[in-house]
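Each of the next two complexes has subunit A plus one other chain: subunit B in the first, subunit C in the second.
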Partner chain A sequence: MTTNSELTTPKGRTIGRGINWKLFMQDNLTGSWMQTITVLFLALVTGFFAYGRYEALPIATLVVLGAWVLGIVAVVIGELFHKHTSLSRWLKENLLNSFSNSLLTLFIALVLVSAINGIWQWGYVNANFNPAETTPEFRSDNGATWGVLWGARKLLMTGWLEPVHSWRVWLSLGFILTMWALTYVTSRPALKEKLRTVRKVLNGFWLLSPVVLYIFFAGVPAGEYNIRGIIIGVCVLVAIYALLWSQKVIPFNWSSIVTTAFAWPLLYTIWWFIGNSGQFSPIDPDKWGGLMLTLIIASSVIVLAFPLGMVLALARRSEVFGIPAWLIWPVAVATTLWGFTTTPELLATSRNLVEQIMSFWPLLILAIAYMIHQVFNGNIVAGAGTTFIELIRSVPLITLLFMGIVMAPFFSGEGVSIPKPWLVIVGYTLFSSAYMAEAIRGGLQAIPKGQYEASDALGFNGSQKMRFIILPQALRIVIPAIVGQFIGAFKSSSLVSIVGLFDFLGINRSIVSNPDWLGLRLELYVFMAVIYFTGSSVMSAYSRKLEAQLGLGDR
Partner chain B sequence: MEFEGPAQSFVDEIIIAENVHKWFGEFEALRGVSLRVKPGEVIVILGPSGSGKSTFIRCLNRLEEHQEGRIIMDGIELSHDIRNIQEVRREVGMVFQQFNLFPHLTVLDNITLAPINVRKWTRDHAEEIAMKWLTRVGIPEQAGKYPGQLSGGQQQRVAIARTLSMQPKILLFDEPTSALDPEMIKEVLDVMRDLAKSGYTILAVTHEMGFAREVADRIIFMDAGKIVEVNTPEEFYNNPKEERTKLFLNQILQH
Partner chain C sequence: MTQTPAAPSPEPQAMPLWRRLLGYIFDVRVLGVLGQIGFILLVVFAVRSISSNFADNAQRLGESQFICRDGSFSYRCAYDFMESESGFDISDTMIDHTNTDPYWRTFYVGVLNTLKVAIFGVILTTLLGTVMGVARLSDNWLISKIALWYVELMRNTPLLIQIFFIYFGVILTAPELNEALQPLGLPLFISRRGLNFPSLQFTSSSAIWIAFLVLGIIQIQVTSVILGRREERTGQPSNRLQTGLIAFMLIAGLGWFVSSAVSDSQGLLVTKASRIRELGDMDKLMLQRTGANHLDDLAAFSEEELDAAAFQICALDDSSSETNLTRQLRKMDIPYRIRRYEVPDKAADNYASGKCEMFVASKTILAAERSTLESPSSHLIISVKEAPIVWSLPAREGLNLVGGGRMRPEFVALLLALVLFYGSNLAEIVRAGILAISKGQNEAARALGLTEGQRLQLIVLPQALRVIIPPGIGVALSLAKDTSLGIAIGFPDMYAVSYTTMNQSGRVLQLFVLIMLMYMLISLAFSVLLNWYNEKIKLVER
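Let's turn to the complex of A and B:
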């Protein structure tokens, strides 16, 4: 905006010391008709607004005006004498860099001042903080009744959980915070190398933490010691070990097979012991509520959807040797023909057009065969992955939640009722994993072909290639997208209130219908906004830190 | 700089390619390539672009799949059997035009990752070997850096060290100097020259004529998916047999 008069550029502008007032006015006011009108209009609006604010809040408005004028003086002096302080330079570059921006700065400052004043008046000056005085006769028209937050703290935090179980919530909170603190301290650069074993133990605890938290929140039922369960469990574990070993995923050694074989009896015994000690009696998950339920749903979804999404992404991109067409079609035709043997009977018993059409269900087999052969070239892994992702993504989350809640009783059989939180977690995890898979697939596609070729040429097998080379790079690329998913999972979990769960947002309905707190919505919403904002900000700050850390090896 | 040689091979002909055909869709990239290489031989493959020379050496470690003919590397035939392919890849090292270092790992981790996980060496042993090779290619002080922090020539030398740390018997070079600035080509060629002298079986696709003339035991000239001429460097440059070869040499030597 400032120019000077000793040298002239080809466009006629001068550079050097001094100010060319003509160009200065052209830049700020007289450049075009639109500019002039805009600046005059802004000046007019800001002037009237400032006058109005002066009548309402004289002192604050005068302070803002004074600061604004001082700032302009500082910038002008700095420009004229080429002596900027760091403050005046910052002001010039950010707030006062043209006529219109200076006016906008004043306008926005005034808006902020009145907004902050309003919140201050409502939230503190006129507010009533006494938890005992929340009924209408104690409320003021222009002040908050914060007492509801303390009065309804149990509902807000844990919903309908019986107060006798509160200590378990505190215990889990303590557990998580301790783990967090220990992890943070031991991963400091100074201690990282020295405490390798401690960090390994901690990682083990993190892996176990879902089970620990499950025991805290859901409890363990007492029961008979089931020998058959132990034997079956050991057999399954050893079979998995043998399978992995025969596929050369893990090497064979005696100590690891003994550990594998003993893991299940040990865990089962601990489980049984906890159950019969009566310390952690079962809690009905349907009684969970409030912030606790929100956090349980959000963290379960995050923890489950991430690996599932990874598997789905890899499945969708898999290039396994497909089922050949000569196998697909004979099998499909044979099963279709076999299926048609049921059609006459179905037709005979059908009562309406829909049922008549449905009697020809074997045609579906042909359709699926066509899909597998033509669309996916016989690659059923990619086919299944793609179908799942696209199906889930084409349905709204609410539909999945309703499906979970409403349909589950039909499938679960007589007398078995699955608690709602489990159903919601399953539905939401499926939903989230589909989106997660697409984010991760984007990362996988961003990895250059050369990385695959180099790992092949060095002799890595498929899973090593993914684990050591492709996924570490791909996941780093998609951190922003994945953290976006996490934040989404945290906030969108409030949708479960629609299907009748009383999560952090849904518990509102019960609180404001209590005679003591009738209609105190605003206070609750402000509080919830603060909590959601804090949670989301912490996550995105952590993601930025993670990106910076992992950005070390960027090309 | 003296390099330690490769592990001894117990076959007479370490690379046997018989009538290898390769199609990319309709396009026939290799039209019956046959080649037999003895252990320790250094072979340079020349040819105009699109002649199939890169495709051919990429078939030798199954980065590309050949559709007809046979390829036998160090006594193991390349077939659909994934275990054979993996076994061959352990013995055959490849250096790429674009280096293809792993950008998320330090130089040392780049080199030790495969020996630890594929050869199943201990970390200490792998790091010892890695440092030995880094010293041999002249950049031991860069071990803790990330590939992005190195120059092109240094990156390619790390890539060579990474390949050699797997202790391969055969080295494939796919235009290793084509992506480098002129002043960095020499440092990479020096390393390759020393490797050639220390007994590795080398197949190199390159445009470096001086290098080819100096170190090659045989020069292979390919065009349109076929081997046109196989000759010693002396004969190849001074007295080429085929018309196509003469034309090619004229074109590249006359600019």
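Let's turn to the complex of A and C:
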């Protein structure tokens, strides 16, 4: 410990102008015995390490050492004569501000140089870039064989999709890029007001884009024109419209109801027409693979999990009037008593203690009734939402994915076989929606109570309150969390490779078992990491931009 | 817009009875309750239909799923198959396991492996995350940038790729076992067969020593209470902790000698003809054999001469008796050769056939094996004293490494990847926690003259902990769940073991229920533990 009780500056020899040598040493070396030992130890380690690196990489090490010494000289001169250049000031503040930091800087710089040198040697100097030379006789011992990336590009991008269909992948790529470009252009401030109708049409297309992409990727089977389906569809759409209108969330006008009513028949007819024209013949989803499958799974999960998560979050926080206790308990007790009629027989045939305990299963009903009454105040909506979210959150994603694939035949009807990607998407969506719900719930909780009370005072009903007051604010708050979920969905979609899908990560099982590319794992992993890194970084950069646009930080 | 406000309703008394009843029924609360009851009925109905569907399919797809031993079909026999022989080996086990063990034990081995990764993972992640979170805020530009890149790289790439990369790209490119790397000459061996490291072996007398340690801990409490009372009474200050610790060390040291002295459960089986009656006789015998005057003279002997004179000892694989004996022999400079066997009777057979002169094991094993020898009375069991805990150091022996502990490459890869990935998540949380502390606290700490380390340790981290712990719990839970990714590189955790069991037995549903329950249990245990900790350190608000 330094002696802080001294009020006067200790007298020490001063060099230059105003440098107190004694205080300087006290700050850097002799302040406490721990500090002295640390600095000496660091110096020793750095010295030995530098010597070792010098023997391995003389030139680079000398360059680093030289730069370090020059930096120190610059800083020392700047300090002594109070003539800092901008460089020496930066060095002094960021790299060389104390003995230990200077030594650390040298040490880390040397480690960095050797690491970068290793990567450089492997990835470029010793590497072979020729796609034709990927078999073992062309490979160098410590160099990458990047040719595999070009050679296996089809597998990497689309998996086992037949080449006849690749134009559809290009088409969908073009579609998405065009949509993005148009959205970007029309949302420029200069054009924003002028092109309102264009923007509305674009939004409509964005809404439809999942269907369009589905048609591109999965195709449409030919079929009969189904009148009954049209009528049911129209009824459902109009019913939703009526519900929203009765909740006073959307206003009533004739043009919108006519649009709603006619949208379904129109779309169905287009669908049917495409199916019968045979242009987009169905593709077996099990043939999907590579980056395409990863993107399909990730975006489906993102698109599906968001609304589901919102519903779950609202359910968990719902405050509807619960089932009263006088209704819960009689029913529960009656059911329990009825259930106990089976107990004597179960007890009589039980073989061990576990089964004896299990014979008293009706007690579970009482436990559930207790939970509903005591924990959730009889509120089934909140109870169901909470139970679902907590159950899903407590198991790993991979078990849900696997359950989707393995258990589906047990629960589906006979003779029905669903392609693996759909099963995986369902399992993954359930998983993701639970986490999404928690993120959104965080936003809902962050809204001050006054907002709820004010909307109540304005006479808003529950739906209006949510639609116009709470959700717009809550969702804005949780944008970072939601984008985090999106990034997570994108990254974790690689887990489907464990359950046997050939997604971007899973396809490398096929690639490395090909005799041409046998065992070229590292190159593939590096490439995949780069792609995932880019995708995730773009998403998080977009999220930061969105946050800045909405002025989240300014509040 | 047609949203006209509802006309003011007339006074309820003025309404006829039927309208009032209608009003009750269409009350939003009544409707809500009815809706919820409908929801329950819907759920019950859905469960019924799914389970009837399941029953049909269970009959069709795998009737054997619920077959009892007597051949009848019953749901209660769902887990009966778990008692049958598993028939597969597990590469990484913490407890003894063979392929003849039942599925239950196999599952138990898997659960232990999951817990092993999860617990080590959480501990190491905490360390790495804290260091990296602090490094992000370092005033050394280079360090903070490296920490930033570490965090960005780890957070923006999938965990699974990291696991694969570390397993295939780092660990499997390490040298073979016979050329294992030995960093700085330490007894640590890194090879593609994993990491061999020095380990502590608890011998049979360790129980006594641990009892002494417990006694010591109780003593600390008692001393503290007594000294505290005296302090209150007389006002005479005393260093309670120091007194307690010194007494603790005395007790521990005493316990070490006592437990070493009273232990006699380890033994050496020798023939009477060998003229060894106790361990101390071995050096005399060795001197006789070699014709040397002093054991130090053996240094001048050639390799072949030593080999000829060395005691040939039989031992069991991974036994602490062997570590204990060889340690004492090395101390006495007595040359020896060890042969290891998996099962006692093999070792005893070799002892009987004269391949080795001695057989070291626990006394109970030796007594049992001696009785199977031809003339048991001509064989003696002499006691080998042992320390309660012995170091077992890995060492090269031929092409192999013996002794010490070993982490398998799958375990190392999984642990390393999990720690690196979740360390980056935790680093961000730690950074946010530190940044959440008001500037005044830092300035006050500096004004008090605390060093940077003291400021961090005494002022910043204790306060930041309150912000860090709740999201940190989330990281720990995710880590515990993501141990299931071990299946990708063949680490036999609970999920991987269950997966093999599923493939072998065809019982899918039962095992899924089991693993889901186990994961829920683990999550629950973790969150209860960490929430309890959170409650403890939480700022007490007035």
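Structure notes:
Heads up, the rule we're going with is that the second predicted complex is superposed on the first by the 474 of 555 C-alpha atoms of A that agree within 3 Å, B and C clash if a C-alpha of one lies under 4 Å from a C-alpha of the other, contacts with A are read in each partner's own complex, and residues count from 1 in each chain.
Note that in this section a contact is a pair of C-beta atoms (placed from the backbone, for glycine too) under 8 Å apart; a residue touches a chain by one contact, two chains touch by 3 or more.
Note that the structure is predicted; figures quoted are calculated from it, not measured.
Of the two partners, subunit B and subunit C, it is C that touches more residues of subunit A. Of the two partner chains placed around the shared chain by superposition, neither subunit B nor subunit C is touched by A:Ile119. Of the two partner chains, neither subunit B nor subunit C is touched by A:Ala132. Looking at the shared chain after the overlay, A:Met25 reaches neither subunit B nor subunit C. Residue contacts after overlaying the shared chain place A:Ser494 against subunit C, while subunit B stays out of touching range. Taken together, the two complexes place residues 459 of subunit A in contact with subunit B and also with subunit C. Against subunit A, the residues of subunit C that register as touching in their complex are 1-3, 5, 28-29, 32-33, 36-37, 39-40, 43, 50, 53-54, 56-58, 60-61, 76, 139-143, 146, 152-153, 155-161, 164-165, 168-169, 448-449, 451, 453, 481-482, 484-485, 487-488, 495, 499, 502, 508-509, 512, 515-516, 519-520, 523-524. Interface residues of subunit A facing subunit B in the complex, by the touch rule stated above, are 448, 450-451, 453-454, 456-461, 464, 468-469, 472-473, 476, 550, 552-555. In the complex of the two chains, the subunit A residues touching subunit C come out as 1-2, 4, 31-32, 34-35, 93-95, 97, 101, 104-105, 108-109, 112, 248, 251-252, 320-324, 327, 351, 355, 358, 379-381, 384, 391, 393-399, 402-403, 406-407, 409-414, 459, 487, 491-492, 494-495, 497-498, 505, 521-522, 525-526, 528-529, 532-533, 536-537, 540. Residues 61-63, 82, 86, 89-90, 92-94, 96, 98, 100-106, 113-114, 117-118, 146-148, 162-163, 166 of subunit B touch subunit A in their complex.
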